[in-house]
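Labels for the chains are A, B, C, D, E and F, by order of writing; each one numbers its residues from 1.
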Amino acid sequence: MASDIVLDLRADKVIEAIRQGKRLDGRKFDEYREIKIIKNISKNANGSARVLFGETDVIAGVKMVPGDPFPDTPKEGSISVGAEFLPLASPLFEYGPPGKEEMELARVIDRGIRESKCLDFEKLCIKEGEKVWVVFIDLYTMNDDGNLFDAFSIAALSALLETKIPKLEDEYKIVKGEFSGKLHLARKPLLCTTTKIAGHLISDACFAEEKAMEARFSVATTEDGYMAAYQKGGSGSFSPKEIDDCIDLAFAEAKEMRKQL
Amino acid sequence: MTKKEEKKEYVKNGKRLDGRGLEELRPLKIEAGVLSRAEGSCYLEWGQNKIVAAVYGPREALPKHIQNPYKALVNYQYRMATFSVSDRKSPKPGRREIEISKVSGEALEKAIFLERFPNTTIGVFVEILDSNAGTRVAALTAASVALADAGIPMRDMVSAVGVGKAGGEIILDLNKDEEDASDAVDIPIAILPRTEEIVLLQMDGLLTPEEWKKALKLGLKGCKQVYEVQKEALRKKYLEAEKEEAEPNVEATTQGEGE
Amino acid sequence: MASDIVLDLRADKVIEAIRQGKRLDGRKFDEYREIKIIKNISKNANGSARVLFGETDVIAGVKMVPGDPFPDTPKEGSISVGAEFLPLASPLFEYGPPGKEEMELARVIDRGIRESKCLDFEKLCIKEGEKVWVVFIDLYTMNDDGNLFDAFSIAALSALLETKIPKLEDEYKIVKGEFSGKLHLARKPLLCTTTKIAGHLISDACFAEEKAMEARFSVATTEDGYMAAYQKGGSGSFSPKEIDDCIDLAFAEAKEMRKQL
Amino acid sequence: MTKKEEKKEYVKNGKRLDGRGLEELRPLKIEAGVLSRAEGSCYLEWGQNKIVAAVYGPREALPKHIQNPYKALVNYQYRMATFSVSDRKSPKPGRREIEISKVSGEALEKAIFLERFPNTTIGVFVEILDSNAGTRVAALTAASVALADAGIPMRDMVSAVGVGKAGGEIILDLNKDEEDASDAVDIPIAILPRTEEIVLLQMDGLLTPEEWKKALKLGLKGCKQVYEVQKEALRKKYLEAEKEEAEPNVEATTQGEGE
Amino acid sequence: MASDIVLDLRADKVIEAIRQGKRLDGRKFDEYREIKIIKNISKNANGSARVLFGETDVIAGVKMVPGDPFPDTPKEGSISVGAEFLPLASPLFEYGPPGKEEMELARVIDRGIRESKCLDFEKLCIKEGEKVWVVFIDLYTMNDDGNLFDAFSIAALSALLETKIPKLEDEYKIVKGEFSGKLHLARKPLLCTTTKIAGHLISDACFAEEKAMEARFSVATTEDGYMAAYQKGGSGSFSPKEIDDCIDLAFAEAKEMRKQL
Amino acid sequence: MTKKEEKKEYVKNGKRLDGRGLEELRPLKIEAGVLSRAEGSCYLEWGQNKIVAAVYGPREALPKHIQNPYKALVNYQYRMATFSVSDRKSPKPGRREIEISKVSGEALEKAIFLERFPNTTIGVFVEILDSNAGTRVAALTAASVALADAGIPMRDMVSAVGVGKAGGEIILDLNKDEEDASDAVDIPIAILPRTEEIVLLQMDGLLTPEEWKKALKLGLKGCKQVYEVQKEALRKKYLEAEKEEAEPNVEATTQGEGE
């Protein structure tokens, strides 16, 4: 397709610029685009947020639903993260069952939240062995200009921070429009992704830069100095030294982002 | 879909429960051209409803055997985000969404000069982010603005509104409470406003032909109010675009992939 | 495909005839084909009917199954309408998950029945909050010579009018071959579809006429003067005046059809 | 699949519970050419079983990579209507329906001169409207008549019947009660009647080789009885067609789309 | 594809040899390849076996899971057989939902086990009307050199013969790593398949022979002289005499195989 | 995924619960060339993990629109047999299997000279027959041997191992008990052993950068131990192949279909 050739040409330009120490949009290698967070964009959601990284535009919504506990954790609620790359956001996206990119993204966001222990799953128990809260976090793309990982991560966290717990009556029936309190988060895990292009490490790659990428490395960090998850993607490789640099960048950048929550 | 309180009054002293008059729309805001990757787009708020629409194409219809050598196909997709409704919706499109997509796409077909783009498909994608009754007409209204924003040549806009009955009264633009009335009738209607051609019309609930005559009149009036807001949104976008063209276009790097 | 060209040629002939005030099979614009209703065609169904509109041939079957009530209507049973365009009926039909035409048709039939309140959903309650009757109405095409909407509507109603309610024992177990009575219908909703071809309104379009159609408008009416549902389909449009004519036709034609039930 | 009353007697004084003799078929009625859109069709009643079969093709097999340059493919589909069985069946085809479709299609392959239609597919679609044991053989019997009605050149008909065991007796054409016997054995069999070539054969239940010999003999006999009814149905259709041809054909407008 | 032509050439060779009373690998018409059975290949399975017929290589694994009884057999457990033709085993296999060949094979294996009554379904009842054992038997191909039917049959039987019944506690919860005994089999049903090539009957066809096959006939026999299931496959036919020969072969060969269990 | 006994000790006197040292792998056995139909294959046992891998291709990528004119595609599929885990797994591939397949395939891409086979696809299929933690790295290790066995030209092997934390200790090659520790951290890592390039790296659990430094060192060491076993398996296969070639090849009839 013609668009593929256009992309290839653009990737060449990105690489050429980076070799000269520059990015096409003038940013520094470790510089993020302007981040905008718009909270509570959906009243029917228990919590929601729209996040813009420049022109990248994503939505996260949270619904808390009473569900059955897993047999081996009768006292624990759970989370479920889904990501859908809506065709709204890019000519490359199509409707259909989730693809492997959507699954990877959802699972990495999931692990950042789950493993950081920011949610106390035991507090999500309604009645032991019988009913627990399932926290559904659904992520949608609106406009894809790259770095969906980080945009979805901050959108998910923002939505969770706003989430009100529905009030229940009778047998675990939700009382519409009434709430029993806010969801408590013990930590604020955020994912920061570093992209390797032409041997250099770049923060917050835009769509054109992603087309030129060798590999990416995403790290979920917490404000108290832990990593909760990480994930390498792409067909390239990282040296041990590069991984360390990515980790340092991730801690530094998450710290900045957390100020905007 | 509980039909509660049989005797609930939906209109008191000429005012509805949310304070509106019988023939009054909920607040409607439309913004054109909100997404950079799409050929055309629209963000719309209509009461609590929040909707984004994007248009891609015309591009070659694939696989080839679906191509129509006489005209473009319209691929309209109406979808609700899982959290946009009261109970969480499954991420899979349901039968309701598929039916709405079908009749809404057909409604747009009459408006577009499809014959100018044989063998192509025009993708019209609409996502409901928040909802409170009337999302299919709101979605169609947004889609029509996104099509115009994409520069797709059109005979006319498609303007749509809900009309119906609650508590015995014929009213415009029902909200969720009104749609849950025990005698509720819901009539989504879409027209080409300049000719009053009806391109979408559905109804469910018990309605007499006399009530329909009244509802139709109200519906046509409502569609025309919607039409004015659509035109204003496009006018505003057009003015902004003119202004931007006068300035250097620094954002050029993220445009053009859709071609 | 060759068959598409044949269809196009035939559509041209249909339009030419209609412009001259005629139909290819000699019918008047508002004339239905001969309708045959054959009841109880399947003993395993709780109610069933085969309906022929000329060569259009469809089947409806009803099964009543004890099921769980919806949480917000614990005292109400429900209906479920499915339509399958069997490849038996046309070279254009294929097996597979239901397509959008099948879904539209099933949902319009469903609304005609549901909204007419011909079935009292509260009488379909077996035990409040625990078990209710789900009335499955499944529709199959045998031969498609057009106007499946109306044929399915009368088939569904005929099958419902014959439906016997299964007898239950123990915990909501159906006793095979025994019944506790007949399903009661308070109204007899019927769908009548008017098709617009070359600017004229035509009743009971056959397959060739449907290929020439601009748009169709289906109205479900009841014997006591109500409309319970309507639906516009197709890429054309109707003027307000035309809609009124369609409604008048629908009342008149349903009245005639009801005599044959 | 309850196996009730271990000691139930299925044959008394040479008669079965429904009054039939051990080697007697249930009433079998076959009508050819019942659907106008299909190239060939058949309606069949066999006891409580009610079945419609239709044939489309040969038409070009698509997608192209499934085409066989040496012969036509047979796409046989056996399906049960949701209401055709005791408990409502899911609308999705089950594993049983898919297995039956596979072996039944293979049974027809031997009968059809497939080599005359390379790169094509012949669609044979069968729908069960009501059932009471023996539907797969009834379906195959109907399909064979529909193929002949479509004018597909055939080596021979395929004639099929169920044979088996209930209450210790080898019997022909088991009904549902008999199939539910605790010692029930069900053997669907289909042959080319002129040569006695076996083209479909399945069995489940505990059977000795001696019992099988007896059952086989009975099965072949049954198939031939079925064959006579098939031939009669085609003869009748042929006579009617001749008669019709003498008259002006006023229904011509709804024929021919299948080509 | 090139490989199809290769297969056609090979099928010609197979037929030529068989017409001369020979098989390409030197076996007699009724001779099986060497059979190897390796038991307990998976500790997480309740029973498992790997079976080789020459280069044909298959795996069977059994899992016993507490499940709900069918409403009409409240006192009986059940079995569920699944077969997956893994792409590991042949360039002709692809991942995806089960195809008709996989379904046929699984259902024939299922009937051989079920109808032989080798498992007493009433002994698989945990609590009447409430919980029963479901015995899942899952079959996977590793290398397909023909005669998967017979290889899967002996693999399934071998796995069942090794199967340990999990210990239960509380409400039908499996105690990991503990067992309450071994599954009891009253009979040892085995499937033997005869393939008709060029009018001759051949045992244990290899992959190349299957490409030349007219039809096959599989018979499940028991050690006490019963047939429990049979199935004809393929587009060819058998004479009544040939069927009798297949049955005789099946009894004789199963007897030999049973010695290796 | 129960996290039991908060205070459980996972290391006592420098030994882990299964007797291993902190930096000790479970027993690892690799055999190359075990399946005749595949171009390359491998059977691997690693502790309780039992895995088979097969390689098919390069063959033409189909449908054509997925072809890359610059390089081969790697279609890596990691699947678990239903009985290979503690609770029966559904036969359908889950999200976990799909994610693992994606990142594992990407890990192999760096190792293979993909640019030599434009427009093709290389299928790498791995089936887990039994499992006890660490299956994704075991699968990748097996796949890498199968690729070499298939003669696919490679820059280097891919050698993989799990490293992580349990009971406060950084340990190599965690087993299931250790992965269930309340403070467990699991880090699958895969490298090209000659250059120490990291091609797969994931982590979940709470880990400090200091712990990571220690874990990385241990992981690199473990990968290299795995590398030695891989090379030995290939050497053995190569010697056997040489031996076989000296003898007449009687098995030739069942080879070659994969081409």
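In this text, contacts are C-beta pairs under 8 Å (C-beta built on N, C-alpha and C of every residue); 3 or more make two chains touch, one makes a residue touch a chain.
Note that the structure is a prediction, hence the values are computed from the model and not measured.
Undergrad: Return the chains shared as contacts by chain B and chain E, ordered by label.
TA: Touches both chain B and chain E: nothing.
Undergrad: From chain A, count the fewest steps through touching chains until chain F is reached.
TA: Shortest path length, in steps: 1.
Undergrad: What chain is the most remote from chain F, judged by the mean position of CA atoms in each chain?
TA: Looking at centroid distances, C is the chain farthest away.
Undergrad: Going by C-alpha centroids, which chain is farthest from chain D? Tell me that one.
TA: Centre of mass proxy via C-alpha means gives A as farthest from chain D.
Undergrad: Per the centroid of Cα atoms for each chain, what is the distance between chain C and chain E, given in Å?
TA: 47
Undergrad: Using mean C-alpha positions as chain centres, tell me how far chain B is from chain C in Å, no decimals.
TA: Spacing between the chain centres: roughly 28 Å.
Undergrad: Take the average of all CA coordinates in chain B, do the same for chain F, and state the distance between these two points in whole angstrom.
TA: Each chain's C-alpha centroid was found; their separation is 51 Å.
Undergrad: Averaged over CA atoms, how far is the centre of chain C from the centre of chain F? Could you give it in whole Å?
TA: It comes to 57 Å between the two C-alpha centres.
Undergrad: Name the graph shape formed by the protein chains and their touching pairs; answer line, ring, star, complete or other.
TA: Contact pattern: a closed ring, each chain touching exactly two others.
Undergrad: Name the chains in ring order, counting from chain A in the direction that reaches chain B next.
TA: Cycle of chains, anchored at chain A and oriented toward chain B: A, B, C, D, E, F.
Undergrad: Help me check something: in the complex, which residues belonging to chain C touch chain D?
TA: Those in contact with chain D are residues 2-3, 6-7, 10, 24-25, 41-46, 48, 55, 57, 59, 61-63, 65, 82, 84, 86-92, 95, 136, 138, 140, 142-145, 174, 176, 206-208.
Undergrad: Which of the residues in chain D come into contact with chain E in the complex?
TA: 1-2, 95-96, 98-99, 101-103, 106, 109-110, 192, 196-209, 212-213, 216, 220
Undergrad: Which part of chain D faces chain C closely enough to touch in the complex?
TA: Residues 35-38, 41, 48, 50, 52-54, 56, 59, 77, 79, 81-88, 91, 93, 123, 125, 127, 129-132, 251, 253-254, 256-259 of chain D touch chain C in their complex.
Undergrad: Which residues of chain C touch chain B in their complex?
TA: On the chain C side, the touching residues are 72-73, 98, 100-101, 103-104, 106-107, 111, 114-117, 215, 217, 222, 225-240, 243-244, 247, 251.
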